[in-house]
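The same subunit A turns up in both complexes below, where it pairs with subunit B and then with subunit C.
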Partner chain A sequence: MRKGEGGRGNAEGGKGQGDDGDNGAAAARLPSSFRLPPSSAQAASASLGFSDYAGVFLMFARNSLIRDMTFRANFIIETISSLSWAVMNLGFYALVYNLMEHAGGRTIAGWTQHQFFVFIATTILVNSLVEALFMENAEELSELTRTGGLDFVLLKPMDPQFLVSVKKISWASLGKVLLAVALLAYSLPRIEGLQLSLLQLVLYPLYIVLGTLILYSIMIALAATSIWLGRNQSLYDFWFYLTNFSRYPMEIYSGRFGAPLRHAFTFVVPILVVINVPAAILAKPMTANNPDKLLLGAFAVAAAVGSLVISRWVFTRALMSYRSASS
Partner chain B sequence: MIVRAQVWWTILQMCIAERLAYRGDFILGTTMRFLPIVTQIFLWTAVFASAQSDQMAGYSRNDVVAYYLLTMVARAFSSMPGLASGIATQIRDGQIKKFLIQPIDLIGFSLLARIGHKLVYYAIAIGPFAAVFYLCRGFFPGWPAGEVTAAFVASLVLSFLLGFFLESSLGLAGFWTLEISSLLFVYMLFNFFFSGHMFPLDIVPDPWRTAIEYLPLKYLAYFPAAIFLGKVPENRLWLEVGVEAAWVAFFIVLCRWLMHRGFNRYSGFGG
Partner chain C sequence: MAVIEIRSLKKSYRVYQKQEGLAASLKSLFHRQYRDVHAVRGIDLDVHKGEFVAFLGPNGAGKTTTLKLLSGVITPTSGTAHVLGFVPWERENQYRRRFALVMGQKNQLWWDLPAQESFQLHQKIYCIEPGAFQRTKDELVDLLGVGALLGRPVRELSLGERMKMELIAALLHSPEVLFLDEPTIGLDVVAQHNIQKFLKHYQQLRGITILLTSHYMKDVAALCKRVVIIAGGRIVHDGSLAAVIDRFSDYKVLTLQFADEQMPADLARFGEVLEVAAPRARIQVDRTEISRVLSAILSNYAIHDVSVEDPPLEEVIASVFAMSASPAQPGDAQAEHAADVAASAAK
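Let's look at the complex of A and B:
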C-alpha cells in the first residue's frame, strides 16, 4: 500500500461492506479529511495480544452466527446441500468398492473400504473447516480489492491478514463435521485389527489442524494474487482443481507419471500430506518400524510451518502493491 | 424472413465477439478442466490393479479412462454454465423487460447467445482437447463404425439442445420463486451423479440403475460416451437417440409454456 492512501475513510467506500454488520459503517462516518498513517495502524497492531485477537475472532463468529440465523431457511438449505454432496461422494466409493469386491479385489492402493471411509471422513473434516473459516473470506478479498473496501481493513489497528481471513464464518459448512464424526464412528470399529492408541487420538486432531493450515496458506496466497491482478474470478475453480489431487490416497500416484506428480504435490505444493497424513495416522496401525511414515509426519509439520511463512510473505508483498480504488 | 434471418445473424455475431473478448480465461479454464481426469485415471488404475479380473461391469481400465474423456466431450456440448442463473437474475432485476418491449424472443436470443458461446469455446478448446485425446489415444478401442459415429454425433447435438432447454426451464422457474439457487443446487447435484459425469452409470446396481435409465440426465454425459464405446446395442441405437429427441421436444414445449405463463404473471416497474 502506498503512503498517504492509508486513510481513505470516505462514505463511498463504506458501501462495499455495508451488509456485513461490522464497523465499516463507523469508519464511513469518519470525516473525509481523516488520515491515519499506515505506520500507526501497524504500531497498534503490534501492541495487541492473543486475547485481543481471540476476542475479535469470537465476535466475528458470533456475528456470522447471528447473520446465518437471520436467514434460517437459507442456512438449513446450505447445510443440507453440503451434506448431500458428501453423502453422494461416499455412495460413489461404496459403489466402487462393491464393484471391486465382486471382481476379487479388496483394497485401493492399500486402503480397505473402511480405511478409505476414514480417509473420506478426514477429507470432509479438513474441507469443512477450510470452507467454514476461510473460503468465503478468500473469495471476498478479490471483491475488497476491486471495490477499494480493503482500505477499511488496513485502517484498523489489527493484522490485515487476520482481519481478511476470518471475517465471515460459514456455520453451515460446519454441519459436515458431524457427518465426518459419524463416519469415523462407523468406520473405525470395522477396520480389521485396528487398536487405537492414545497417541493416535492426540495426533489426529493435531494433523487435521496442520492440514487445514496448509490449505489455508495456499488459498490465501492464491487470493492475494487478486490484489495484483485486480480481479481473480477463477480462483475457486483453480482451487478446486488443485485440491482435487489431495482427495485421494497418495499411493495411487505411482508409475512413470504418478511418482513425479506425487513428489511435486508432496514437497513443492504439499497438498498430498493434508489428508493423507492424518487419515493414515488414524486408519492404519502405527508401527515403529515404518520410518517413511514417521518422516512424512515430521515433514507435514515442516510443510505447515513453511506454507504459512510463504503465504504470509506473498500476502504482505501483494498488499504493498495495493493501490486502493474508487473515490 | 430474410430480415429476421439477418437479425439473428447479427445477434450471433455479437455474441461471438463478446465471447472472444475473454479468450485467455477460456483457454486456461478449458485446460484446467482436464485435471480431474488425471486423478480419475490414477484412481481407476489402482482399482483395476487390485481386482482379480481386468473387466468390471463390462469396462476395462482403458474403457473407463476413454469413458471419462468422452464424457468431457459430451459435457462440452451439454453443460450450460450460467444459463439458468442468468435467466433467473434477469427476471429478478427486471432486465427481462427488454424482451417484452423489443421484438426479440427471450429463448431464441439465449439460444443464439449460447451457440455463439459454444462456437468460440470449440474453436479454442479444440487445441487442448486434440492434445489430450492424442496423448490418450492408447485408451481408445478405435473409431466405431460409420452408423455408430453418426449416432454419436447426433447424440452430441441433441445433448446440447437438451442441456439448453432443460436449464432454461429451470431458469424460468425464477418467475415463480425469484431465487432459484437452491433448485439449481439440487439439479447440479443430480446432474453430477446421474448424468454419468462422475462414473459410468453401468456400475450402479439395480433398482437404482433402472430408475436412472428413465431420467433425461443420462443423455447429458453418459449416453454419447456409451454409444462411442459400443455399450448401446446396435439394434437399439436409433431408438435411444429417438428417446433423447423426444426429451428435447418435451423440454422445448415446457420451456415455451413456462415463458408464456411467466410473462403473464410478471409485473415490471420503472425504466
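Let's look at the complex of A and C:
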C-alpha cells in the first residue's frame, strides 16, 4: 500500500518538475523587466518537489479519511459489500476447482488451486489499490467537466492530472487489501514445492505497483475523454469491460480466437500483464532459464511506463479542449 | 506599468446547433450544424496596481469568459493578455500562486468537511509557509468574523457563511490579483454588506488589484471607482461610475414637496411624472431643462422641500445594456446568452 502511494507520488512529482522546466522556458521569452516582482509572501520556490506532492497527497488522504469517518455507516456498508464481493468470487473459484478434482483434473491452464488463489489475491490487491486511489476521482472527472469544477483544478499551482487523480481516497476499498494478504498467507504455504526467495518478495510488490499504474493510466485516459465529448459522455465505462479480461490467467487465451486476444491485451492494451506477471512471480517457481518469463517481466515495466506516458498525453490534450461551463 | 494588460482579446466557441424535434435529432446524428458564438469580441483594457474595477454587463455579455481567460482556465481564440507579466493560459505555477478567482456560483471547499480542512489543503497546494499561513488565516477569519464556524462542515453553513469561507480559501496565499465573479450572488442584504465591507477593507489594507463582476449595483457603488461596461463581447464604457450616469442618462429626478396641499394639476408639462402622493411629487426632467423647470416651479408655487437626483443606477445601467444590445448587431445579446447556455449544455 505504501509502495503504491510512493510510486504514484513519485511519478507525478517528476512530471510536475518537468512542467516547471517548460514554464521556465516560457518565462524566458519575456524580458525580465516586464515581470512584476512577486510579493514577499510568494517568494516560495517556483519548482515543486516530490515532498510537496507527497504532502498534498497525504492531505487528500487525511481529508478523505475524515470524510469517510463522518459517514460511518456508509463506510462500514461499503467495506462489507466490497469484501463480500471478493469472498463470493473466491468461493466461486473454490467450487470450480472442487468440481474439477471430482472430474480428475488438477489445474486450470497450468494453475493449481492454491496457485490460482494467489492469482485471485493479486487481482484483489491491484483492484483495491485502483479503487482506493483513483476510481472515485476518475468517475468524478466527467462531473467536474460538466459543472465547470475543473476550473478550480486549473487555478492551482500544481499538476492538474495529479490533483484530479488522487483527490479522494476511498479508504473503504482498502479493507480488501487485508483480505488479499490473508489469502496470500493461506495459499502460499499450500503450494507444493514453492520456496519463496527474497527476489520474489521484492519483485511482487514492485509489479503490483506497475500493474496498478497500468490500470490507472487506462482509466484516466478513458475518463479524460469526457472533457472532449462533454456532458456525461465518456469512455470511462469501457474500462470495466476491458479490465475484465485481466482477471484470468493469460494461458487461457490460446487457440484460434484466444491467441489474437492475448496479443492484443498484452501489446496493444497491456492489461494481461497487470495481474499475470506479479501472480506468476509469487506463485510459480522462479527459474532463471525461462526467457519468455523474463521478457514478459521486462515488457511489463515498459508497458507501465508507456501507459503512463500515453495517459499523460491524452489527459493534457483533453485539457486543451476544456471550455469550462457557464457560471 | 499595468498589472492587467489586455489587447484585442477574442474568444469564440463552436457550438452544435440543436434543432427541435425527433426527426431533426436523428438527422443531426449524421449531419451536424455548428455555428460560432463570439463570447468576447476584442477587448482592450489596462488595469493598474491597486485598482478595484467593476465589470458590468448583461448575462452572457462575456464578463465571466473574460475572467476565465485572465485566470488561464480557458484559452483565447486570438489576442493577448498579460497579468503580472504572465500570459495566463500558459498556466505557470509562478503565476497561479499570485492570483485567485472566486466564483459566487461555484464552491471549491470540500462539502462534507469543515472549512479549516480545506484551508490546510490549500496551505500544502500553495506551499504556504506555516507561520504565514497561520497569520493570514487568523487575520481573514477575524476580519470576516467566522471563527466559530471553522469546525463546522461546509454543507451546514449558510450561503453567506460559505461565501466567506470561499473568500478565505482564495486569499490564503495572499494573491496580488483577485478576480471576483459575482461574489454576492444570492446573498441577503446583510451578508452582501458584510462581504462588501470586507472586500473594501482588505483591498485597501493590501493594495491588491481586484476585478469584480456583479449584478448588484450596491456592490459596485460601494467598492469600485472604475466601471467597465461590457456588452455583446465588447467594452462600451470605461470610466467612473459618475461618468456612466453623465454619459448614459439624460435626465434627473426632481422631488418636490409642496406647501399647503397646493399641487399644480398639470405637472406633466415640466416632465414625465413618476409619482404623485400629495403633497409630494417626483418628476423626471430632461437634464438640459432642469434649471428652467426648477425656477419656474419655485417662482410659481410654495415649495417646502426640493431635491434633484440622478436616476437610480440600476435604471441607467439597464438602459446602457439595452442600448448596446440593440442597434449595431441585432440579436447579439441573445447570441451571447446562447453562448453561455450552449457552453454549459455542451458539457
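In this section, the second predicted complex is superposed on the first by the 274 of 327 C-alpha atoms of A that agree within 3 Å, B and C clash if a C-alpha of one lies under 4 Å from a C-alpha of the other, contacts with A are read in each partner's own complex, and residues count from 1 in each chain.
Following the convention adopted for this analysis, contacts are C-beta pairs under 8 Å (C-beta built on N, C-alpha and C of every residue); 3 or more make two chains touch, one makes a residue touch a chain.
What you see is a predicted model, and the numbers here were worked out from it, not measured in a lab.
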### Task
Could you tell me if A:E251 is touching subunit B, subunit C, both of them or neither one (first, second, both, neither)?
first
### Query
Touch check for A:F92: first (subunit B), second (subunit C), both, or neither?
first
### Message
So in the superposed three-chain picture, is A:A185 touching just subunit B, just subunit C, both, or none of them (first/second/both/neither)?
### Response
neither
#### Entry: Touching partner for A:A298 - first (subunit B), second (subunit C), both, neither
neither
### Task
In the overlay, work out which of subunit B or subunit C sits against more residues of subunit A.
C
### Message
A:S84 in the overlay: touching subunit B, subunit C, both, or neither? Say first, second, both or neither.
### Response
first
### Which superposed partner A:I66 touches (first subunit B, second subunit C, both, neither)
second
### Task
Using the superposition on chain A described above, determine whether A:T147 touches subunit B (first), subunit C (second), both, or neither.
second
#### Entry: Contact set on subunit A toward subunit B in their complex
77, 81, 84-85, 88, 91-92, 95-96, 98-100, 102-109, 234, 237-238, 241-242, 244-245, 247-249, 251-255, 258, 261
### Task
Using the touch definition up top, name the residues of subunit C that touch subunit A in the complex.
1, 3, 13, 64, 68, 71-75, 82, 84-87, 90-94, 96-98, 100-101, 103-106, 108, 110, 112-113, 117-118, 120-121, 124-129, 132, 136, 153, 173-174, 176, 181-182, 340-341, 343-347
### Task
Quick one: which bits of subunit B touch subunit A in the complex? Just the residue numbers, please.
25, 28-29, 32-33, 35-36, 38-39, 42-43, 45-47, 50-53, 55-57, 182, 185-186, 189, 192-193, 198-199, 203-205
### Query
Taking the complex as given, what residues does subunit A use to touch subunit C?
19-20, 23, 26-27, 30, 34-36, 38-39, 41-42, 44-48, 52, 55-56, 59-60, 62-63, 66-67, 70-71, 145-149, 151-152, 154-158, 163, 230-231, 320, 322-327
